[in-house]
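Here subunit A shows up in two complexes: once beside subunit B, once beside subunit C.
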Partner chain A sequence: MISYIARRVVLLPVVLLGLSFMIFLMMQFLSPTQRLTAFVSDPTKLRGEAPEALIEMYGLNDSLLVQYSRWLNNILHGNLGYSTTVSLPVTQAIATYFPATLELVLFSIVPVIFGGIMMGSLAACRHNRLIDHIVRILAITGWSLPTFVAGLLALAVFYGLLNWFPPGRVSTWALPIIHEMHRYTGIYTIDAILNGQFRLLLDVLRHLVAPVATVSFVSWALILRITRSSMLETLRQDYITTARSKGLTERTVVRRHARRNALIPVITASGLLMASMVGGQVVVETVFNYKGIGWWATQAATQFDFPAIIGFALFNAVMLVTVNLIVDILYVVADPRIRLS
Partner chain B sequence: MTVLKKLLKNPLSLIGVVLLVAFVFVAALAPILAPPPRPTEPYRIPRSGFKIEPQAPSVEHPFGTTEGQYDIYYAMIWGTRTALRIGLIVTGISLLIGVTVGSLAAMSGGWLDEILMRVVDIFMAFPFIVAAMVLATLLGKGLDKAMIAMVTFGWMGYARLIRGDILAVREKEFVSAAQAIGARPFRILVRHILPNCIYPVFVQATMQIGSMVIWASTLSFLGVGAPEGYADWGQVISFSRNWIISSGPNPFEYWYTLVFPAGALVLFVLSWNLVGDALRDILDPRLRHGT
Partner chain C sequence: MKPRYALVLLVLLLASLSALGVDEVKNPTTLVRVGPGKAATLDPIYAYDAYTYELMVQSLETLISYNEGAADDFIAILATDVPSTENGLISEDGLTYTFPIREGITFTNGSPLTAEDVEYTFERALVINPSGGPIWMLAEVLLPGYTAESFEEIDRAIEVEDNSVIFHLRNPSTFFLKIIALPFCAIVDKETTVDLGGWPGTAETWQDNANQPLEDSVLANHIVGTGPFLLESWTPGVEAVFIRNDDYWREPAQLERVLLYRVDEWTTRRLMLANGDADIVDVPRQYLEQTEEMDGVRVIRDLPLYTIAAIFLARNIDMTDNPFVGTGEFGEGIPSDFFNSLDVRKGFNYAFNTEAYIEDVYEGDALQPASCIPYGMAYFDPGLEPYPFDENLAAQHLQSAFDGQAWEEGFRFTIAWNSGETEYKAAAEVLELGLESLNSKFQVDLQAMPLATFMDEFMAGRLPAFVWSWTADYLDPHNFTQPFMHSAGFYSGSQNITGYDEMVALGGTMSDGPEREALYKQLQQICRDDALSIFFAQPTSWHVAREWVQGWYPFIPQWSVEYYYPLSKSME
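Entry: the complex of A and B
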């Protein structure tokens, strides 16, 4: 197992190199003047320089490989250019907006994965009964409903009609409190607890409900379907019959014997889902005007803020590759058949 | 029993087929159902005036108008064409690229297989929507750019699927028999191997058509897909964002700006998903008997 993990960790830089080269190739669709922006982290130093001179200075007409190595060098030194939409260097913009996205993802994981597993196994145990049909309808609606439509509906009902859960990340009255308190993590719920600001904590949680509900509703379909079919298959195995004939209660059979084995494919799917969630927040954050990294990327995309878009792509690639690695390692740990082979 | 008969027997897939046929009819009859005022530019939604506030359904505008007085009914009818076009073209080209790459990898084996599959891994290392959004932005936005971006990051699943299936089929006796009588690799692939492993890929493609239309409308909603005023459901839905919450006494005063285009989109995706789901059950030999 250790050699497997070591091999994966050694391969990580190779994968990242491939990814960065692909992003670099995508950048070649831009003109040299547009690409120039990716090199400038401090726009105040630009005043008075002619673009041609700068293109020459940064060697944007050099050969592809020379340009790539220079660009990569820049990135490794943390220089990703300047995002005009939020008036911050890209690295700083990521540091500012990522905690918000992380907060949303962390709060979504629990209902998505555990809710999905609970409903999926419930449906399998009551195969073809009323609850199974309800769960299946829920899954197929969630699957066919685009995230932005689900989000708009949630907004219309929970904010427009009931006025329970407003959009945004915090209420306006809370902004000065956030500004003054010590921000340890940038994750407002944690910071609010650390600062003893419980009114703020409630406000942040209140703003999280609608986006988390939207993400859960559209993401349940995948986990639900996989858990359900995997459970159905497992429940038909001989060892389950043996367990039942030993006189175990149905509860024990399901919990201790069936579900544990049925969850193996679910782990893979959950990993993929979690990794894609960071990117998937683009839509939810835009709909709810929740200022995370996805919101920033949408703003950047509509305003031709290329350094931001490229920085966002790079950041997502690194995140996804890392999360995939962690999931694969967990997978090996969880399944003895893989561990031993 | 033929596939079509089975599709029509299951109530869920029957609903899917009926919906799908209805959408195809609407798309085909678009010039009659909603005659374009400018025949050269049928995808430009006509607008009556430039007032910002949406107008409720009336005789003149059966589904009302959205922000900027774009006619919602017209957008829905011609949007059906846009949706079908996006779904079929994006999925078709992705399928073609995926099957070509996957077959090449599986048939050649060795270092070429290794390289192609690592390229697939790298393309898959992005969340689809992020990759498509970034590429569409870098290409300069617009519906065609969004479609190129979706194809660029949409073919890998097919490549992996067909490669695995070919590797399994390649070892069968009938392939050895074909090799023994001197058939060339290309002929073996096209005449003997592909017909035996293409169905799962087709099922996958059917299910993907709905998803692709969702993603395209999402890109339009995010502002990197169809331009303002283009007959595309996602683009029309993006207008409703500012109007779903009304400050007036009735919170759902502008309901028609969301309900009609979103309803069309959801039904369209649902129909493909229902058909795809049923096709999978029908064509998958493991599910054919038993459950």
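Entry: the complex of A and C
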């Protein structure tokens, strides 16, 4: 397994190099003036020779290879560039915005994946009974509802009407605490615990409820439906009939014999879902004013913030490869017959 | 644990969590300001938008400031007096401005404010003078060109005498004080800037620092000023937290803390305002009416906005591979000189139903300008009549254009605008409707473009007609005649307008008085009679806050910048 992991890790730079070159190539379809917009907040404020000076300053007229080698050289010196969208170096922007997304994803995993597996198993075990119908209707509703509608509804009810769960990551009173405490991870729940700030912890949790609920509601249908169909198939297998005929309780049959075998496709789907979630929850982050990496990437893309776009793409690629690796390893755990080699 | 107990526990937990924030949002010493914009930097010389200005003016101060948003009235801040010819601080020839610096003021790091700091601030601005930044305004009056050719040019423009700073202008300028009062002229601490690795203030190093990109600025994330608030923390693109400067040289602010939040989604902002979690909120125009109906919210409408929106018509269009001019001939296109015709331009002006447009798009909250100089600006000519919507006159002019060829054969061209600007789209549609209803052979294509593409086409001079608007950099008519009428102006350059350069340039260098007034009257008349563009709206601005926010006034007349110093929160 170690050599498998090493091979994957060694391949990563090659993937990143190819990806970055592809993005560079795509950017060349835009003229230097088009790419200039990344550096200008209001074009009407450009005077005299300013556009030409800016194009010259950022080397936008240089050939693709010159621009690419310059960028690569910067990368090798640990400089991913400067994101004009948020006025931060790209590495610092990732470090600022990623923890928020990661926190949201970590809290959403439990309801999305484990909740999905539980509900899917339940629906399969109660096939075509009331509980199965209810679960399916809920899943379809969540899957069909656009995320921004679900988010705005959650916001309107839980904040506008009940004033339970406000938007943002923390309340205004908590901001000074955030800035004064030592930020070990940027994940506020963990940092609050490590700093012994339990009032802050409660506040952070309070702000997480609505976005996590929204992410869960719109995302769990996938896991739920895959688990359900996989379980239905597994429950029809001969070894399940054998287990039942041995006199095992239904609970033992489901938990010990059926669910584990039904998990392989669920792990694949969960991995992909996780990878896409880590890439940012653009709509949820926007609606709940939960500034994460997805929000930043969207802002960067709409403003042709090239260093940010490429930085995000590379970061996302690393995340994707890492999550896929974890999924591969989990296969072995779930089914010892699988060998990574 | 039984499920029902778990449920009861969950409800109790939620109730206790929801109780946490109630007291905090009513905190009378904390103000929460919410909007969709982001500040770009903490370095004043790169600041060129309202949000960046807003971040800046709380901690940094200028020599003088606009007096509660008045366009022509100033108060001394870091200077002891506002220069005028009467007090002798402006020389008789209008070329020398003296600012005596207030003594006993310290920066937040404890350094005393000196005339050297002021000199350094302005010299640094002119040395770096970043492309696309605001320093061109200073360069325009202090240097021979928009950028310095040598350090001597900068050095001779600003000097220190005793505890005063003296500016030597290239030409008399009636708007120099209006520029000096803007936030990009805020005074920075020389010692801090140099210690951080910024320009050391020497002649030998000036070229190494010229046109420095924002990311290399040592002040981009560092602010040391003399203002009423200290920037406690700033997460770019997310939030800024200010705390009161208790050692402020004037009376300390009434608010202890101000939070500036970026919230992109309007619904979220609206709910924050309704719940009292936000005190001052940016509201899109289309939601003003529903905001006015909210309890405890105050909406102030009809604030002056020095913005002119227009449809620009380009002359001598570059026809090479130009997709916006059809075939390039009457019938299915337009010739290169289509908008050189005064009859065409006048016909277009008469075909635009401005009244209906303003009613539909701005709910009546806009004025129809007659020329490029907005209402409220010095030398604005109230006697000048805008073009009325008149289909007969429009038809008459278009029938006369090109000896009737345009009318007989018809034409086709594209009006472009930056996508996402719904007001521009509506303007293009109004003109399309006005023209196509005159003659079935008239075809107007509409095209929204992403900003990058729009800019590309605009700068290449390929757009025959485009919709855009101009907001004043400083409140002087020169700031409007230059971009709208000068052959090198931002819009007029792209429109290939020529013939008025001398008059426009003269207006920028004349002293205030009857002669300048006569000149601008003449320029406005030309602008209107030559139908340079279709000036269709001068919108007004508005301000939305909770009723408990007291002491508000517009801080800078042409920018929506909130100034927290005079604000307090109470129900009185």
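Here, the second predicted complex is superposed on the first by the 280 of 341 C-alpha atoms of A that agree within 3 Å, B and C clash if a C-alpha of one lies under 4 Å from a C-alpha of the other, contacts with A are read in each partner's own complex, and residues count from 1 in each chain.
Here is the rule we go by: a contact is a pair of C-beta atoms (placed from the backbone, for glycine too) under 8 Å apart; a residue touches a chain by one contact, two chains touch by 3 or more.
Bear in mind that the values here come from a model prediction, so they are computed numbers and not experimental data.
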| item | value |
| --- | --- |
| Partner chain(s) touched by A:Leu30 [first = subunit B, second = subunit C, both, neither] | both |
| Partner chain in contact with A:Ile109 - subunit B first, subunit C second, else both or neither | neither |
| Which superposed partner A:Pro146 touches (first subunit B, second subunit C, both, neither) | first |
| Touching partner for A:Thr96 - first (subunit B), second (subunit C), both, neither | second |
| Which superposed partner A:Thr286 touches (first subunit B, second subunit C, both, neither) | both |
| Which superposed partner A:Ala156 touches (first subunit B, second subunit C, both, neither) | both |
| Of subunit B and subunit C, the chain that contacts the larger number of subunit A residues | C |
| Subunit B versus subunit C as contact partner of A:Val266, first or second or both or neither | neither |
| Partner chain in contact with A:Ala297 - subunit B first, subunit C second, else both or neither | first |
| Subunit B and subunit C contact sites that coincide on subunit A, given as residue numbers | 30, 152, 155-156, 159-160, 286-287, 304 |
| Footprint of subunit A on subunit C - complex, ascending | 14, 16-18, 20-22, 24-25, 27, 30, 32, 38-41, 48-49, 131-134, 136, 146-147, 211, 213-215, 220-221, 232-233, 235-239, 241, 257, 259, 261-265, 267-268, 271-272, 274-275, 277, 451-453, 455-456, 458-460, 468, 470-471, 473, 483, 488, 490 |
| Touching residues (chain side subunit A, partner subunit C) in the complex | 30-31, 33-37, 39-51, 53-54, 57-58, 82, 84-89, 96, 152, 155-156, 159-160, 162-168, 171-173, 175-176, 179, 199, 202-203, 205-206, 209, 286-289, 291, 295-296, 299, 304 |
| Subunit A residues touching subunit B - in the complex, by the definition given at the top | 15, 18-19, 22-23, 26-27, 29-30, 140, 143-149, 152-153, 155-156, 159-161, 232, 275-276, 278-280, 282-283, 286-287, 297-298, 300-302, 304, 306, 309-310, 312-313, 316-317, 320-321, 324 |
| List of subunit B residues in touch with subunit A within their complex | 118, 121-123, 125-131, 133-140, 210, 214, 217-218, 221-224, 234, 237, 240-241, 244-246, 251-252, 258, 262, 265-266, 269-270, 273-274, 277, 291 |
